[in-house]
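Chain IDs A, B and C follow the sequence of writing; residue 1 opens each chain.
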Amino acid sequence: MEFTAKQIAEILNGTVDGNPDVKINNLSKIEEGKKGTVSFLANPKYTGYVYSTEASVVIVNNDFVPEKEISATLIRVEDAYQAFAKLLEAYNQIKLNKTGISEKAHISESAVLGKNVYVGEFAIIGDNVTIGSNSKIYPQAVIGDNTTIGENTTIFAGAKTYSDTIIGNNCTIHSGAIIGSDGFGFAPQSDSNYMKIAQIGNVILEDNVDIGANTTVDRATLGSTIIRKGAKLDNLIQVGHNVEIGENTVIAAQTGISGSTKLGKNMMIGGQVGIIGHLNIADEVKIAAQSGISKNFRKGNIVQGSPAFDIVKYTKSYAIYRNLPGLWERVNELEKKVKE
Amino acid sequence: MEFTAKQIAEILNGTVDGNPDVKINNLSKIEEGKKGTVSFLANPKYTGYVYSTEASVVIVNNDFVPEKEISATLIRVEDAYQAFAKLLEAYNQIKLNKTGISEKAHISESAVLGKNVYVGEFAIIGDNVTIGSNSKIYPQAVIGDNTTIGENTTIFAGAKTYSDTIIGNNCTIHSGAIIGSDGFGFAPQSDSNYMKIAQIGNVILEDNVDIGANTTVDRATLGSTIIRKGAKLDNLIQVGHNVEIGENTVIAAQTGISGSTKLGKNMMIGGQVGIIGHLNIADEVKIAAQSGISKNFRKGNIVQGSPAFDIVKYTKSYAIYRNLPGLWERVNELEKKVKE
Amino acid sequence: MEFTAKQIAEILNGTVDGNPDVKINNLSKIEEGKKGTVSFLANPKYTGYVYSTEASVVIVNNDFVPEKEISATLIRVEDAYQAFAKLLEAYNQIKLNKTGISEKAHISESAVLGKNVYVGEFAIIGDNVTIGSNSKIYPQAVIGDNTTIGENTTIFAGAKTYSDTIIGNNCTIHSGAIIGSDGFGFAPQSDSNYMKIAQIGNVILEDNVDIGANTTVDRATLGSTIIRKGAKLDNLIQVGHNVEIGENTVIAAQTGISGSTKLGKNMMIGGQVGIIGHLNIADEVKIAAQSGISKNFRKGNIVQGSPAFDIVKYTKSYAIYRNLPGLWERVNELEKKVKE
């Protein structure tokens, strides 16, 4: 792929300031720019680099006024960051444009595949599976029996769905993610053994859901574990059986959510958070990394700690925690004085 | 699959109260019951739903006395919860009844398979592997050389055992679990490099062990990492080299156990717990979620914190921690008064 | 494989004390020694076992003076531990000496493989991949397009690299590890949806890097996520996009490192540590298990806590934390007395 500055400006609806014929074939950070790449300047902190970058083209905001000479060709647009993100996306689309159905894949005769579906080598499409148009099943992905996948969804190499999973449109499931494994349900018996409770429910991922690498989402005991549209899950997250995650809730890596808990919409959850089961957390709650959630919180609460409480109070308590030896000394001193 | 209420009552050794000919083909929670499903009532908290549920059949305890009219057919049994669990299990068994050996699997000529073994597509059975009767190896599972697997054991899609692993009867290993990877052993060298210590031991899982999705169990440096019979491990757990986990010990997701630690029987370990190496924890110890275990505990201790100590004391300390700014103020006040 | 004590002594440049013709075919811990195995004694704590072990051969330090009769043959060397590690390594090399290219693997026509490369069943070698001599690609590993792998590197069963990954010489990547998944980058939109930021960078692993089972390393948004030579990562670790990990830094299981953070050389990081993004941590910093790192630290700092600070101060604060109810009582008492 090779484009001129002029061609890119046309795509981005921008204007060229410099040589319109300079050629680019890759994208770069402005501080690591190289000949033949296009970069961007959005954060004023990086302005210094625009004068020294070796990138051939830099996308800038319309109102950018250089204070020195710039060797790169500039493309002026309304929002340099958004324009660059659009270029990244276009580049990625071309790169990931896998097509065709590998003869080395195993596809059940009862599976129904839409138009332009990609199925890679050694992928397995189970019985009664339906896959919507333009979806991509990378090599060695396993799509369990009776799974339904919408359109424009990507399942990367080696991700696995157990049977009966339902996945919407425009979802991305990264390598090693496991969707629909058994919930952790065991009934204690009188002899201290445990009896496994069969897990016959499923997992539903609505549209625009992202699941990170090696994340696990357990199927429901009965009914469904549900991740609502637009929710974004990072890598190595654990989602227990019968959990429900609200729309556009974002969860960082290595967080775990225990069974039957319901998370609200638009939540932001840091990494390595643990959430106990059977809770009902309101919309827009924010949880600091490494917190432990043991009770419900109200809309918009921001919490930290294990167990977590209000983040401002937590921060004050922690500041004193750091000084506990000082406090201890002061109490010693007081006791001495009072004794006198 | 379709059954009448009468047929189900016979299986469960119960009595029908209502239409014995109503048909069911699935199971449901009482609050989400639909026509054609069987549900159950065990927890009195849910009694209200028995009058409104759309489930065609509800299993109840013998002593249940309705206070209003009920449209569903009732099946009365001694223990409604246990009876329902039995139905769940039967349903699941039928659903998971995969059989046969795929021609697309790779099975070493030196492997020995028992009766009714299932091997899915692209699964790999290595040299000198033995698999007992009625065990199921799902697609893309990798069974490393010299591995022994007992009877009635299920290895789900893409789970992997390294060489020399020994797995008992009635075990379940979920997708993405890795059994027998190298222990994390490196000897520091004088030049700040590390020399890898070869890990030539193995992993032993006794009977009735469950291993969750994407959990990792490292092989021993020498000897064996052992998980004793009946132990249940959730998803994304790390088990270090030469660890031993006692019988019927239950471990929630994302917990990590460092090398050479020995855990007792009947322990209950919460999620995201970290346990350092070379410990010897007694039977029946309970560890709260997110705790850090840095020393041994005695039989029956219940602990919390990082590092962990008695849970009652921890809870008291944490209550005061939340009020540290108040305590600080009181000490300020006291100092002022004493100065006066 | 069977060797005599004499043969082993020659390999280790040691001297035999006892029967030089005794045969061994395996290695063992001294406390679990069995006939036909060779063991070692390095830690004085274990000296007692040398008199009772059933191991046929025990490797000891030159200066070891027995106080009783010993039935095992001794091999005396300068450093018994190093000598035994050498034996372990030799044993492992023989055991893992897989060779050949499976006809059941899928290898792109544009891939270039060096001498003596092993490729296992159902492994996938993508377009334009280069693999150096003596490297081993185990069954079901997926090597994404344009990946470069050096010499003597081992990729275990089912590990996966996304496209454009660069891996050096003498690296080991364990089963289930995912190298090059998308960084977790989403731009919030005005309607509370998130727009995915395409991740077009890659991952670079330099020489002698070890990656544990089910560990995930995200590709950079732009540029590279880099793990420098000699770094050792345990299982289930999360490495965010654009992270850089310094030479010979060692990281225990289940730790997570957020995007764009740069870790120094020779660091030691405990298990379940969380590190926020955009930090720059100096060389030789040591971080206790379960700590949360929210700011930069200087060379050689040793820290604990969430958020972490100096480990000695942390330990003092925690000692008082355990006694907070006592401190509370003392302040109550003081208030009473001062009131009087």
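General remarks:
Simple rule for what comes next: contacts are C-beta pairs under 8 Å (C-beta built on N, C-alpha and C of every residue); 3 or more make two chains touch, one makes a residue touch a chain.
None of the values given here were measured: they were computed from a predicted structure.
Note on chain B versus chain C: their Cα superposition corresponds to a rotation of 120 degrees, in steps of 5. Comparing the residue numbers each copy contributes, chain A and chain B share less than half of them at their mutual interface. A separation of 26 Å divides the Cα centre of chain A from that of chain B.
Residue positions of chain C touching 2 or more other chains: 122, 140, 158, 176, 214, 236, 254, 272, 290, 321, 327, 331, 334, 338. Within the complex formed with chain C, the chain A residues making contact are 27-29, 32, 85, 88-89, 91-93, 95, 104, 120-122, 139-140, 156-158, 172, 174-176, 208, 210, 212-214, 230, 232, 234-236, 247-248, 250, 252-254, 265-266, 271-272, 289-290, 318, 321-325, 327-328, 331, 334-335, 338. Listing the residues of chain B that touch chain C in their complex gives 106, 122, 124, 140, 142, 144, 158, 160, 162-163, 176, 178, 181-182, 184, 186-187, 192-200, 214, 216, 218, 221-223, 236, 238, 240, 254, 256, 258, 272, 274, 276, 290, 292, 306-307, 309, 313, 316-317, 320-321, 327, 330-331, 334, 337-338.
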